[in-house]
Amino acid sequence: MSALLYQNADIYLFVAVFLLFCGIAGLIYRRTLIGMLVSMELIMNGAGLNLIAINRFISPDNGYGLAFTLIIMGIAAAESAIALSIIIIIAKRYRHIESGDIKELKY
Amino acid sequence: MDKVLDLARANSLWPVTFGLACCAIEMMSAAMSRFDIDRFGAGVFRPSPRQADLMIVSGTVTKKMAPVLLTLYDQMPSPKWVIAMGNCAISGGPFVFEGQYNLIEGVDKLIPVDVYVPGCPPRPEGLLEGFLKLEEKITGTRRFPGPVERW
Amino acid sequence: MSIGESIFLLAIAATMGGALTAVFARSIVHAMMGLITALFGIAGLYVYLNNTFLAMMQILIYVGAISILIAFAIMLLGPDSKKYTGFSVPGKLISALAVAAVSVVMFVRFILTNLKGDPHAVYAVTAKDLGRIFTDRLVLPFELISLLLVVAIIGAVMLSISSRNSRGDK
Amino acid sequence: MTVTPSSFIKGAASLAAGMGVTIKSFFQPVVTSQYPHEVLTITPRFRGHVMLLANPENPSTNACISCGICLRNCPSGSIKLVEGEKREGEKRKTVTTYILDFTTCSQCGICVESCTTNALGFSGDFNCAGFKREDFLFDLVKEFEKRKKVS
Amino acid sequence: MVDKVQAELKSAFSDLTIHEESYPECGYHLSLDLAAGDLEKAARFFDDRRFYLAVELCVDYREYLEIVYIFSIHSSLCKVKVTLKIDPVNPVAPTLSKVFDCAWWYEREIHEFYGVRFDGHSDMTYLFLHDGIDVYPLRKEKVLVAEADRLELNSFSPEQREDSLSINMGPQHPSTHGVLRVVLRMDGEYIEDAYPVLGYLHRMQEKMAENRTYQQFLPNTGRMDYLGAMSYNLGYVTAVERLVGIDVPARAHYVRMIATELNRIASHLLWVGAYLADLGGLSPFLYAFDDRENLLDVLEAVTGSRLTYCYFRFGGLYNDVDDAFVAGTKAFVARMRGRFALYEKLVGGNVIFINRTRGIGVIERELARKCAVCGPVLRGAGIGMDFRKAEPYAAYAEMNFEIPTGRNGDALDMYHIRIREMETSLDIIDQSLARLSDGPFMVEKPPKKLKPRKGDLYHTVETPRGELGIYIVSDESDKPYRMKWRVPSFSNLMAFPELAKGNLLSDAVAILGSLDLVIPEIDR
Amino acid sequence: MEQILKILDIEGVRLAVGLLAVFLFVVVNALILTWAERKVAGHMQLRIGPKEVGPYGLIQPLADAMKLLGKEIITPRNVDKPIFYLGPIMIFIPVLVAFVVIPFDSYLQVRDINVGILVILAFSSFTVLSILMAGWGSNNKYSLIGSIRSIAQSVAYEIPLLLSLLAVIMMTNSLSLKDVVVAQKGIWFIFLQPVAFIIYFIAAVAETNRTPFDLPEAESELVAGYHTEYSGMMFALFFLAEYTNMFIVSAITVTFFLGGYQGPFLPGIVWFLLKSYFLVFVMMWFRWTFPRVRFDQLLNISWKALIPLSFINLLVTGGLLKL
């Protein structure tokens, strides 16, 4: 019985890499903080997908990949909460959120 | 099919919440317990004109209000109907006088009116009768007993 | 191709398309919608990786919490979305090319590596196992992540309190 | 707003009291008068549009002598035209046309009050509605004749 | 009080003659004619003595324009008329808006109706009139709108600021009960500034008054404040009777009071319902209307109309009441007394309602005075001023009733005051019914044509919304020369921008509702 | 390969049939509920409600639906078109998903997923998302404020919702809805977990945007909130979703606290519907009794009362279970 398309590890890894580089591209070229945050989320998802895929195909009998992906989600949640509150303050202060023009971090 | 659609439309006339003056109070009365316009399926007063089928112009339309009224009318999706309730909406009512400077003498000068309900203000029954007349106009037949022939 | 496979491809398409939209869309709201599509697609991939629980967590946390938080921030910043975009066309092109090139390279590399593993394994981690893992071997990371979350909550609250005060001063 | 246990319980009790009121009404009989099927008794003093009253001495004719006082006293010029002619064998003038534009009337009753021969009264027409503005341009003389026939 | 003020005025303005007027005839105690330079000093004089500016109006006497200020005080009965004559060709007057907030609004009104410019006024944008107007409507001669005013004609367009959101509440908005437009500048959900735009229902009542005889104007009064039409009728009728000097038979007085108080209850009932609908609860609206329908049955049986009454006549009533009316009123009073418990359960005690209204829209006494706030809103602020007691008209002097006052001046107080006012109205009705005896309901000879004496009159009555002032100038013809209506909703609205500032949008709705505005009354 | 294909095809047919059934149920349910809402409102307000259109006004919702179908769909100027159109469609995702896992009867369940409750909770956030899209896409200030309110509200109320359900899950040791129902064979969880029930129900009312928590569409403040700009069929979709959501949260409450489909004499499905519609009636009862709470109060109720309470409840439950 040949493996179905979704029983192929390469595809998952490819998608994960794609997400990673989309995220990096976004981080480089997005000029606004929220855009950068969105890209960060993509990178984190890529990592999570990678972990789960490896977990599933290499050592399917334990749940460490799952556990670490959950931890990544936790980190992402914490990171976005903090980042967004900072962004809102910056927006209130500078009236824009373009990362290049924010020169001082004085509050 | 058109007949059925017309029937549905006639029995589900949602008015836009649009009170202008005195008649608005009687319009509310018509929606309240005593008269209960909801019996005919017309009790869903929508605050947004986009979701309404019927505009009840219940009061005096001034020159300052006219553009707003027109905008509201334009925002309503067709098919749409208008009831001019009360004498002010029909003709300017008791506020017309020589040299008046602020009144639209009849809302039919702005938008097409389907049914006129005179009175100052008309009783809620008058408005209900207006609704029934409008149903009659949409479907072509009258489903309910008509008003008692007085003259 | 079976229905399962086509849905799988759909999930991949959603992930990749969503990611591209998230990075390249002009309007930040469209970018966010792209992100949500991508997250959703990844949740689908998790299902195919025998991890329904994680898929649900993905939707619950990423779609339900994080992206809505981001959307909230966008809306708080104001209805004028044009202010918050900004992306030069050549930059778009270069980064798109870079992403495509690197992805292709990596993909080729993966195929060469031939990381097959066990394609037919169906062992699914249950919530019970997860609890065991977290309270047994991974107790330190687990505690650390909760600490991080607490710190983040406190930080966010502090930041928003100080911004509220600054409004009061104005 | 601080939530203490006692305030919480008090609040919940108040909400329950409110819900008690509505559920009691739910089982109470309705107060609606179902308009086209049943009509509330309209008080005899109800002010509909104006109509001509019969001459108490000769009920087949109306009492108007077309003097025009009502026309002069009407605040909003609703009474457009009062014309009469002197017929043979009669002491007073008889009205031939009496045009009332009901759409500008404010139902104040000044015409009724000022009439010297008590020829005017309020009709009980509470549910007028029509498709045209001109529907409410009444000729009261014709209306009087018709009303006589109906009754 | 009058003597004291007179003495103090004498010492402050030594070179001025202060006329002592006959209060029963004119409705004010003192009058003084000032020059433009003295005006602000006089205003400060009255401000220091805690007077409020009841109304500011303008009369066109052809040779000159006269700006009339009526000062009044909450604590006792003392009214002072201050006049200022200005040149009709180039009309300029000093502003009082720096002393009294309400003058800001009245001066804008005078500006657009007479073309008077006020020195130092911060905003002369047109308030009532539409853009196409080219004359000053209330001038006796046709005067074209001046070039300078033409710029301000274009009614309000909100200034766009980057960090705030402008929201147009109205003219068609579910919470404004008609066609009031309030432009709100928002910071998130908080209101930074509220700017009412009026005139969407300006029906030229004051202009009409000059074109019609006293009788012919009668139906208009019921249409200004359609909820308190009886009070307006009563105000107008008593004002003209006072001007002409007609004594009304006792029976008419009592019937008038019963009808007016019934109408007051109807108005407050509608307010309770509509206010709850504003706050999101719909059922009380229908219960209130149910009660109101019962009440209207009683009133309709005697007056013939349900809303815009035209029942009172100069010298009495349109027609007499019968026993059925008395019985119906008694039945309604009995029913109504039992209904308060229901409202308390459904509304007054409801924890959501209390939390929505407590501490919201608190009216400070100072603000109440500066804006000349009146009626239940004023009483909510703790000032027990009620013209039925302070300046009794009809037969209110014989009635024994209390004036409910609030402690905090918030929206919750307004609710309780209105509920208690319904109870006092029931008391008044009871007492009037007890005194209702047989007798004529109309004076012996109803006046055919009214030709009042030359002069003016400022007459005040208490409508459901507060102080209604009617200023009539008569030139001995059968038509009023000038009639100014000082309407309660207008002055209550003046307090709104101040109250709304810094509040949430939902609170603004609650505040606007608690003021109980009737738009045709504001716009006239 | 062929076998899998076969199974998948059968699965596909099952899916199609299920979808059709769900769609039918959504429509019929919404029709019944709109009628019931107006009737309940009418009688609570001493009036009749729909009466003239069909016997007892039963055809009224059909007429409304037909009319809305026949109406012009206006696309206002300056709207963000894809988002504007996606909004009302997205709102049905959680609805469809929820119908998959709810056990209507011991045999009437499309799929018993072992993380069933997580599925419902995860997808319920799509409601907010679509409200958000509607609000943003409409390019209308009232809509925007409405959707911002909606987000804050759902973020605040999702937490007590989850926590109160967690207490039940701790007692059943399973995330599958069927297991939850089976665990209530002896005694309903409403008696074991009354606090969780109250918290859940309040939060559920808030999640469905019903009075007294209907701030996103607060009529007197925001005209019609997030769907101000929608007309015709698109508005009808929001309407449908609102009533379906009402039913779903009631159904979940029934499943978790009121013994699901279990009951004497009558078949399970009847019991299930009876209980659910009773809860829907209670929600209508709320709506026609209470005024609306203010926005900050809404958040305070959640943060200061419901969340601490549900935490305490969770702790107590855990402690008792250990004992």
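Letters A, B, C, D, E and F mark the chains in the order given here, with residues in each chain numbered from 1 onward.
Definition applied: a residue touches a chain if its C-beta (ideal position, glycine included) is under 8 Å from a C-beta of that chain, and two chains touch if they have at least 3 such contacts.
Only a predicted model underlies this, so the values are computations on that prediction, with no experimental measurement involved.
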(message) Show me the overlap between the contact partners of chain B and those of chain E.
(response) D, F
(request) Please give the pair of chains with the highest number of C-beta contact pairs. (result) A-C
(request) Compute per-chain Cα centres, compare each with the mean of all protein Cα atoms, and return the closest chain. (result) B
(request) If we define chain centres by averaging CA atoms, which chain lands farthest from chain D? Would you check? (result) A
(request) Indicate the whole-number Å distance between the mean C-alpha point of chain B and the mean C-alpha point of chain C. (result) 53
(message) With centres defined as the mean C-alpha position, give me the chain C-chain F separation in Å.
(response) 27
(message) On a C-alpha centroid basis, what's the spacing between chain E and chain F, in Å?
(response) 48
(request) Give, as an integer number of Å, the spacing between the C-alpha centres of chain C and chain A. (result) 5
(request) Provide the list of chain B residues touching at least two other chains, using ranges where the numbers run on. (result) 32-34, 36, 39, 47, 94-95, 97, 120, 123, 144
(request) Hunt down the residues of chain A that sit against at least two other chains at once, touch-wise. (result) 1, 4
(request) Please set out, as single numbers or ranges, the residues of chain C touching at least two other chains. (result) 2, 4, 53, 57, 65, 67, 69, 72, 76, 79
(request) Under the touch definition given earlier, write down the residues of chain B that touch chain E in their complex. (result) 16-22, 24-26, 28-29, 32-34, 47, 49, 59-60, 62-65, 68, 72, 94-95, 97-103, 120-121, 123
(request) State the interface residues of chain B toward chain D in the complex, per the touch definition above. (result) 33-36, 39, 87, 90-97, 106, 108, 114-120, 122-123, 125-126, 128-130, 132-133, 137, 144-151
(request) Would you tell me which residues of chain C are touching chain F in their complex? (result) 2-4, 27, 29-30, 33, 36, 52-53, 56-57, 59-60, 63-65, 67-69, 71-72, 75-76, 79, 126-127
(request) In the complex, go through chain F and note every residue touching chain E. (result) 41, 44-47, 141-142, 145, 148-149, 211-212, 214-215, 218-223, 288-297
(message) Which residues of chain B touch chain F once you look at their complex with the stated criterion?
(response) 4-5, 7-9, 11-12, 32-34, 36, 38-41, 43-44, 46-48, 50-51, 53, 75, 77-79, 143-144
